[in-house]
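Here chain A shows up in two complexes: once beside chain B, once beside chain C.
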Partner chain A sequence: MSRGRISGRVLEGIESIGGAALAIAREAGGMVLLLGKVIRALFPPSMDARELVRNLHKMGNRSVPIVVLTAFFAGALMVLQSAPFVQRLGATGLAGWAAGYAVLREIGPILIALMFSGRVGANNTAELGTMTVTEQLDGLRALSIDPIKYLVVPRVIAMMVMLVALTAIGDLVALLGASLIAKIVLGIEYSTMYHSFADNLSPHDFLQGIYKSLVFGGAIAVSSCYFGVSVKGGAVGVGRAVNAAVVAAAVSIMLLDFFLTYMNI
Partner chain B sequence: MQAVELRGVTKGFGHREVLAGVDLEIKQGARVGIIGPAASGKSVLLKLICGLERPDEGAVIVEGHDITSWSEARMLPLRARIGMLFQNYALFDFMTIGENVAFPLSRRGGISPSEIDQRVADRLRAVGLAGTETKLPSELSGGMKKRAGIARATVARPDIVIYDEPTAGLDPVTTSKIYDLLAADQKETGGTVIAVSSDVAALAAFVDEIAFLYKGKIHYRGPASSLADAPDPIVRQFVRGDVEGPLE
Partner chain C sequence: MKLARYTGPIERLGESVLAYVRATVELIGLFFSTMAGVVRGGRPRGEVVHQMYVIGNRSLIFVAVTLGFIGMVMIYQACLQFTKVTGDFSQVGVQFIRLIVSDFAPTLCGMMLATRVGAGIAAEIGSMKVTEQVDALRMSGVLPVDYLIVPRFLASVVMTVVLSVVGGAIMWIAGGLTAQYSFHVNPALFYDMSLVRPIHLAMGLVKALSYGMAIPVVSGFCGLRAKGSSEGVGWATTSAVIGSSFAVIVLDFFWSMLGFLFFGASL
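Moving on to the complex of A and B:
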């Protein structure tokens, strides 16, 4: 292969990496700008209460069954994973701590946020994207309504509030799931599990997960709203936007989790 | 005083230049129709007037205000005086038809709920949609959605009403009824009407003047009544629908 051909391919490679980096920077910049508009719209705080309540119900209440199911098995899995060590070492008193620590600090917030992103975030992007391509956002603007204040702000608040609430519910259900499986598989009494939770876990463990879910909720909300309102290209564009929003939310959750955990140490 | 004035307006999307220096003046209380080939920028022109798009160059002046560089927040009060019917209706699909039509009134404030209900019912009756208040847009046909869009655009009696294809998808009888209604509305309010339509004959019967948008500019402007006999051969070919001619 000639040297010119190789250098051409290298240049192509560099060009595609540069293009991808620019695209990521453009989307990230767009999300930061949207976040800025949302924060600005909160001062003075004014939003459509009906739209907020509608979103709280749609995003929160309807997500409870799937979160309960996920959290229950997440808690149960933690116990199953630790079962061989607990049995080998006879450390039944630590079974609850192991499951609870992992669930409250990491597994609960992350898993519930990912579920929430897949269900609520994707739906939000599709809804806003469809409104964008059918000129409903322009329709709002034409009627002197700021779409950020009317549509985006209530959604961001609803997602943050509801992800926190769902995480709290999920934490409780996960601990119940862990206790039930510990009783069935390892024969550990509920009281032993309860004391293991109560003696070894602190409110800080629970709150750390809650803080994380608040940030994750914000990340899911901003990414899903951003990709929704910036859709171009009709139904195909909406599909692409949903895909991009889910990927962006998942990456954001992982990155933010790393930094939040790191800072807490 | 001019209701709308466009001076040397250009607008492009990506590498495509849609408007290439549009100059247009519309007097207060006038009824002006804008026609032109498909994708000639008619809808973009309407959105520029409503401040929903910004020109790349030139100036957009609405009711004496140069809105070219106005922020979105500054635009909001002015838009309250403009009613716009979108080509794709732009009805809010999470609201019922009644809520859609009531929206401009309820957001404005100062009107009692009972008066809003009455005005919504009157407007829906006027466009032939009586009794559809509780239906969702998805339950209506395209023509019915168009009429609901007209009801929403006109319910607050704006100073300037912009119609993008007001009769697309409607049968000839309903088209005549709708134009009669729009004419009666305009007579009552004395507002300015700017309409874009592919149904040139029906539009020409409704408006006083017609502007022909071609190759990004207002190529011709003249009285609607003599449009078919316009001196410009391109306009004549477009209006008559001749296949052969200078129209590219």
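Moving on to the complex of A and C:
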């Protein structure tokens, strides 16, 4: 009797592991298929220009405040973390190097991408999900309008373009935030910080962050659109889809960051 | 008949500022009523344990994967810089564990939990709100704060600390493996905890506790404000992710600033 119960538990455990693995595989596969469809729709390039401009505005311009705030704090935090080290060694010239390098290459693109995923990606999943549960996508199909071309492709392009632009703005704000906090907390002059940035950072550091943000933008776009168009079951389903989309975006940001760093593009 | 009123840019700015101020005041009110609910008790039996499972155990793989990869990336970038400058890797491991304990582990774990747990709480409570289950609770004389937010609050406070410890350990090990295999750093040199002092542990603990408190309150607040149907739930989930991630960043800044001002170079 007890043996049967134990083996039942073990079976249940194995089943749940297998089920989780299958679900992850299904979602990853669905995203790759969607990416394939998006790339296929780009040849020949045909998309709704008005939808593209609307999305560029909504996703880019309206995210500027949150990105600027995040970037400012990110820059400030990098200085605060290196502050004890800098003060103990008196190496004020190195403060800008440490903060700038960390911000441009890693912290800037990652934090801005996470905030972008939360604001734009989640919103996009909610919007597409609402359209899906109210059967608007089927309506488009009935009018022989391809929802991929009409809805998904403009969003993917808008997110990639706008995340790059926002990361460039965010990098600048983060460096300014770093200089401001360095002045307030450590008493380092702005000119010292400027020279520390200018002497130790190369365009390559900035560009690596930019390449990363282009890829992150694509990952956020594909995951948010995939979970948006595959929503099932009303308001509860939309909430669940948004949750799944932000989780998938965060995991893919971290994984892609690792591979991009390792390949050292 | 109501005439459409012209609103200039200044009026619109003022309106959005007022809306933010009002939301902040309501959020602080919700925090205090949650604290009162914790003292008052009266939450459903076994709900805290259930929420601990949902918030903690089910986030474990997510936190482990993301923090492990970011630990590898950080060590890779740091070693790359040290190769260019001095080629001396003796400081990488000691400084890394100091930063993990005092900042990286709680903050990165907090960011990840803000994404996963924050969205989850807001989606769940938001769906209950738009299907009028929250009103039903209120009608049967149960306070929604006691029933919905307090168990998540308690579970999240405990589980954020636990996951920060686990995530930090995984980050450290992953970073050490990267240093060992990509840059041939001696593991005995890397896994050196001699620079970690009780003050770093206290900083990390305070940060993890404050994130654990902020995330469920902010996202529960967003969930309870959901209106309409599926669109409202989506909107609530979005603002929960943004709000709780931003709360983590601001709290990190606050505690780091406070720590540096009080302890300065000895930190």
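We take it that the second predicted complex is superposed on the first by the 260 of 265 C-alpha atoms of A that agree within 3 Å, B and C clash if a C-alpha of one lies under 4 Å from a C-alpha of the other, contacts with A are read in each partner's own complex, and residues count from 1 in each chain.
We take it that contacts are C-beta pairs under 8 Å (C-beta built on N, C-alpha and C of every residue); 3 or more make two chains touch, one makes a residue touch a chain.
It should be emphasised that the depicted structure is a prediction, and the values quoted were computed from it without experimental measurement.
After superposition on chain A, the partners chain B and chain C are accommodated together without colliding. Rounded to the nearest 10, the angle made at the CA centre of chain A by the CA centres of chain B and chain C in the overlaid structures is 110 degrees. Once the two complexes are overlaid on the shared chain, A:135 sits against chain B while remaining clear of chain C.
Contact with chain C, but none with chain B, is seen for A:251 once the two complexes are overlaid on the shared chain.
In the superposition on chain A, A:189 contacts neither chain B nor chain C. After overlaying the two complexes on the shared chain, residue contacts for A:66 are found with chain C alone; chain B is out of touch.
After overlaying the two complexes on the shared chain, residue contacts for A:122 are found with chain C alone; chain B is out of touch. By the touch criterion defined above, A:85 lies against chain C but remains apart from chain B after alignment on the C-alpha atoms of chain A. Superposition on the common chain places the nearest Cα atoms of chain B and chain C 11 Å from each other.
Overlap of the chain B and chain C interfaces on chain A comprises residues 130, 134.
Of all residues in chain A, those touching chain C in their complex are 66, 69-70, 73-74, 76-77, 80-81, 83-85, 87-88, 101-102, 105-106, 110-111, 114-115, 117-119, 122-123, 125-127, 129-130, 133-134, 185, 234-240, 242-243, 246-247, 250-251, 254-255, 257-258, 261-262.
Within the complex formed with chain A, the residues of chain B that make contact are 47, 50, 52, 72-73, 75-77, 79-80, 82, 84, 86-94, 103-104, 107. Across the complex, chain A is touched by residues 62, 65-66, 69-70, 72-74, 76-77, 81, 95, 99, 103, 111-112, 115-116, 119-120, 122-124, 126-127, 130-131, 229-238, 241-242, 245-246, 249-250, 252-253, 256-257, 260-261, 263-267 of chain C. Chain A contributes residues 54, 130-131, 134-136, 138-146 to its touches with chain B in the complex.
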